[in-house]
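Each of the next two complexes has chain A plus one other chain: chain B in the first, chain C in the second.
On to the complex of A and B.
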């Protein structure tokens, strides 16, 4: 019996639980599997076909991604002779890990968060900017023309969407008067959800995240018919699997931030009190945040069924010419809201 | 000496990157386009064709006349009826015979079914090159309607081998007219949905408008054919210029566009789909009664062959057709296929095999577009131009 108790203790040991189970690796993996499966199912529905089906038809092909992952894991990892080995190997792994790191500071309930800090919004925003740099590194290290072109496109896009995302996050923390997610959510519970207070910021953030995570119509850095697989052309096996997962992991993290800043965080389920600590502080608010993030993510992946792919100059023109200005406008709107709150 | 320095290299200008699109690139067909890019702008493009060259013209000299039909179908397997019809018509000219009217109408129906299927195939590839996976699936899914109608008529989805010199192999099956009309009705409804999803989609339009512009004069100079030249404002269509099969008796228009860009070529194909539907409707309603094979061969039929023709309404492969020996001479035939004009030139020396068969296929004539239209565009415009001219490498290489 002692061993079982020890095991339960070990699983619930905060560092392990936070980083491995929730909201760490396992939760993100399950989320990614669900998201990719539903993306393919929804696209299949629109496109007059089934989507994944053959693996477990009774579950509508849900374990498809598991099968894919097993295949990737068992496949030979080919490292071409001409690549710069160290950065080539490090880049996708580091990008995946760092893509998940903002979860360290994003709270899933008022009491459940791995790292307590006053500047959690700042840290999360800073950490989300690192993985794209590693994508550029991957393309640079690959020593392949298509990878290089993919990296160049990615670097053009980074300059566009990162500034927009950071400006929008700045406008929201300006609105709430804090750099802490906890206080931002509390402010929304006291007043209104951020998406109603500053809808321009919400829409701008949504589009910029689509641009940043290679969703259609901004799937430019990996455009298959033009540059094969962008920066990841030379990757194979589990490294390719990781590379495929990076954009989904980043989208998930961005959408957690979206939920915390714009959609009221853990309300309404977070307010329920049942008396059970785990249910009250982890499951109900966590589920509330996760479900909202999933819905936003599904909206983002659904655009695959409707749009084609923009040319990079169109995307940059749209980014700098329209959405950048919208991000500035959202700061102005935040200032107006703050002023109005002062007055009334 | 290290291994890398042994590779042959060729000097190119400073700051120019040479990119090989194909033959294993996901965005190319069985061909290669060698691009020299300055930043994101293409400064030079060389279409490098010949990766699927199968020496068809030479192979044709070693086979009996009718046996070449399955061979030539392999040029454009999705447009099989149109690309072999020219060959059969050339043989008929050598033999000095004309197919009976009913056979002509059946030929027209199959040719138009193939044209629709071919256009839908090309546009499906086009859509996926632009990253629009839904339209890719829709075009290919709706193509199935016409492929299955062709299967109902000929017994084969793609490689029909349906034409004999002097006629066709099967009569219209019972109930074909209703099925065809059902298919046309369904497709007319779908055309409206394409407009919303693809033709008026802002992202797609921004990719196509003004891209890959070919002026009227340039189109004539390059000698491109098919929907591509019509989208540049030249009304070049063999169905009008040198009518064959039942086309002179049918009422249809050849749409043209003046813009000459990728969008015009896309809209051109959609308009041609509409015209094809119109032709199909008329042909299936006006089709006359009568034999489906020239009476010269019907006379030579044995009793068994006649029985099969009467009961099953199909022509068995008769020795009379198999051992054709056209008289000495030469003949040509032109046909408007999905991608443009097919030209066949055949020479007979009186044997049961052709002395020479020359084929000029539309994709071969369109391939020159890459060299003269790509420079000045961005790399991302390559799929838009490649897809919009509907280039099909196996057809070009023969």
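On to the complex of A and C.
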């Protein structure tokens, strides 16, 4: 029995629990499977179809993604002769790992976070900018024209949305007067949710994240009907599954940041005190943050059912011509809100 | 903005000239709200085919069946067949009978049209499955037998609906 207790202790050891179980790898995997399934079901419902239904019709085809995952895991990984092997293999793996890295500094409750730092917003924003570079690397290493076109499109888009996201995050940290997620959430609990204080920043961040994680109508870098899978055309087997998961993992991380900056973090459930440490510090606040992030993600995948795909120049025009200006306006709005708070 | 709505809608190639920012926002809101409406109240027109099958119309050119008693062995069907799917053979001395090869048949129905004694007729079945290609060449016994409907199939009637597009009304098989 001592071994069992040791194992339970090891699993509940906070760093391991954080990295592996929640909100780390296992939770993100379950989240991705749920999200891809619901994306297909939502698109089916809106477009007068059923979506996945063949496997377990009574569960509305829910095990479909499990079947897909098993197929990806068992398929042969083909590495073409002409690719640059080292970056080809490293790029999707590193992109997936680094896409989850911002979770290191995003708190899920006042006490449930692995790294306590003053500059957590800065670190999270910096880490979210790295995976697109590895996506470009994957396209370059693949030695395939579709991959190269996808990489080129991604490199056009990256300059657009990263600047918008960073400006919006800057405007929100300017509003709260801090670079720490904990203090930002405390400021929101003291005053109002960020989405009410600065709605322009919220909607700009939302659209920029859709652009960044290749959701419709900005699914330009991996446009299936034009360039097979964008930068990940040459991948197969579990590498393809990983590559497909990168954008969803990034969306999850971006939405955690969205919840912490705009939707009051662990606001509704985090205040409840039951006396149980695990329930108070992990489950209730973590669940409120995760549920909000899932709802925002569902809104993002819902657009697949409605929109077509923008051309790259339209997306760039919208990005630079409208949303960039909106990001600057949001900084002005933040300044106005800060000034008003000073006055009253 | 007022003149954009009154002016030419699609003659202007450029979207920026055709509609202003507010119009675009309205369009986005309209599209998203329609999507939300469809999400809340789905209007599915999918026919779940192997489980549900539509009732086929009169004169549907499906599989072809031979009525052996009527056949006079004139071999007109084999002559008219544009895909050379129909062949005559000697069922007995001085008794020609057609057989069909569904690997070649294009379901044109010329053989049924040309038959002077109406020995050939269509049945409203078009989706038989064969395990190998030899099975697709019918002999006289299979050619004279009507293909069976698979069990556990819900028969539905396709109705064109003005609001929804297509509707499937279940048909009681009894």
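What we mean here is this: the second predicted complex is superposed on the first by the 344 of 344 C-alpha atoms of A that agree within 3 Å, B and C clash if a C-alpha of one lies under 4 Å from a C-alpha of the other, contacts with A are read in each partner's own complex, and residues count from 1 in each chain.
Note that in this section a contact is a pair of C-beta atoms (placed from the backbone, for glycine too) under 8 Å apart; a residue touches a chain by one contact, two chains touch by 3 or more.
Please read all numbers here as calculations on a predicted model, not as lab measurements.
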- Based on the superposition on chain A, does the combination of chain B and chain C result in a clash or a fit? clash
- Go through the superposed model and pick first if A:45 touches only chain B, second if only chain C, both, or neither. second
- Which partner does A:226 contact after superposing on A: first (chain B), second (chain C), both, neither? first
- Check the contacts made with chain A and report whether chain B or chain C touches more of its residues. B
- Message: Quick check for you: in the superposed arrangement, does A:276 touch first (chain B), second (chain C), both or neither?
- Response: neither
- Can A:145 be said to touch chain B (first), chain C (second), both, or neither? first
- Could you tell me if A:302 is touching chain B, chain C, both of them or neither one (first, second, both, neither)? second
- Task: Classify the contacts of A:116 with the two partner chains as first (chain B alone), second (chain C alone), both, or neither.
- Result: neither
- Note on the structure: chain A residues contacting chain B in one complex and chain C in the other 46-49, 305-307
- Query: Which of the residues in chain A end up touching chain B in this complex?
  - Reply: 43, 46-49, 145-146, 148-149, 216-217, 219-220, 223-228, 304-314
- Inside the complex, what are the residues of chain C that reach chain A? 21, 31-32, 34-36, 38-39, 42-46, 48, 165
- Message: For a test of understanding, state which residues of chain B touch chain A in their complex under the given definition.
- Response: 17-19, 25-27, 40, 127-134, 136-138, 141, 197, 201, 203-204, 206-207, 378-383
- So in the complex, which bits of chain A are touching chain C? 42, 45-50, 53, 302-303, 305-307, 322
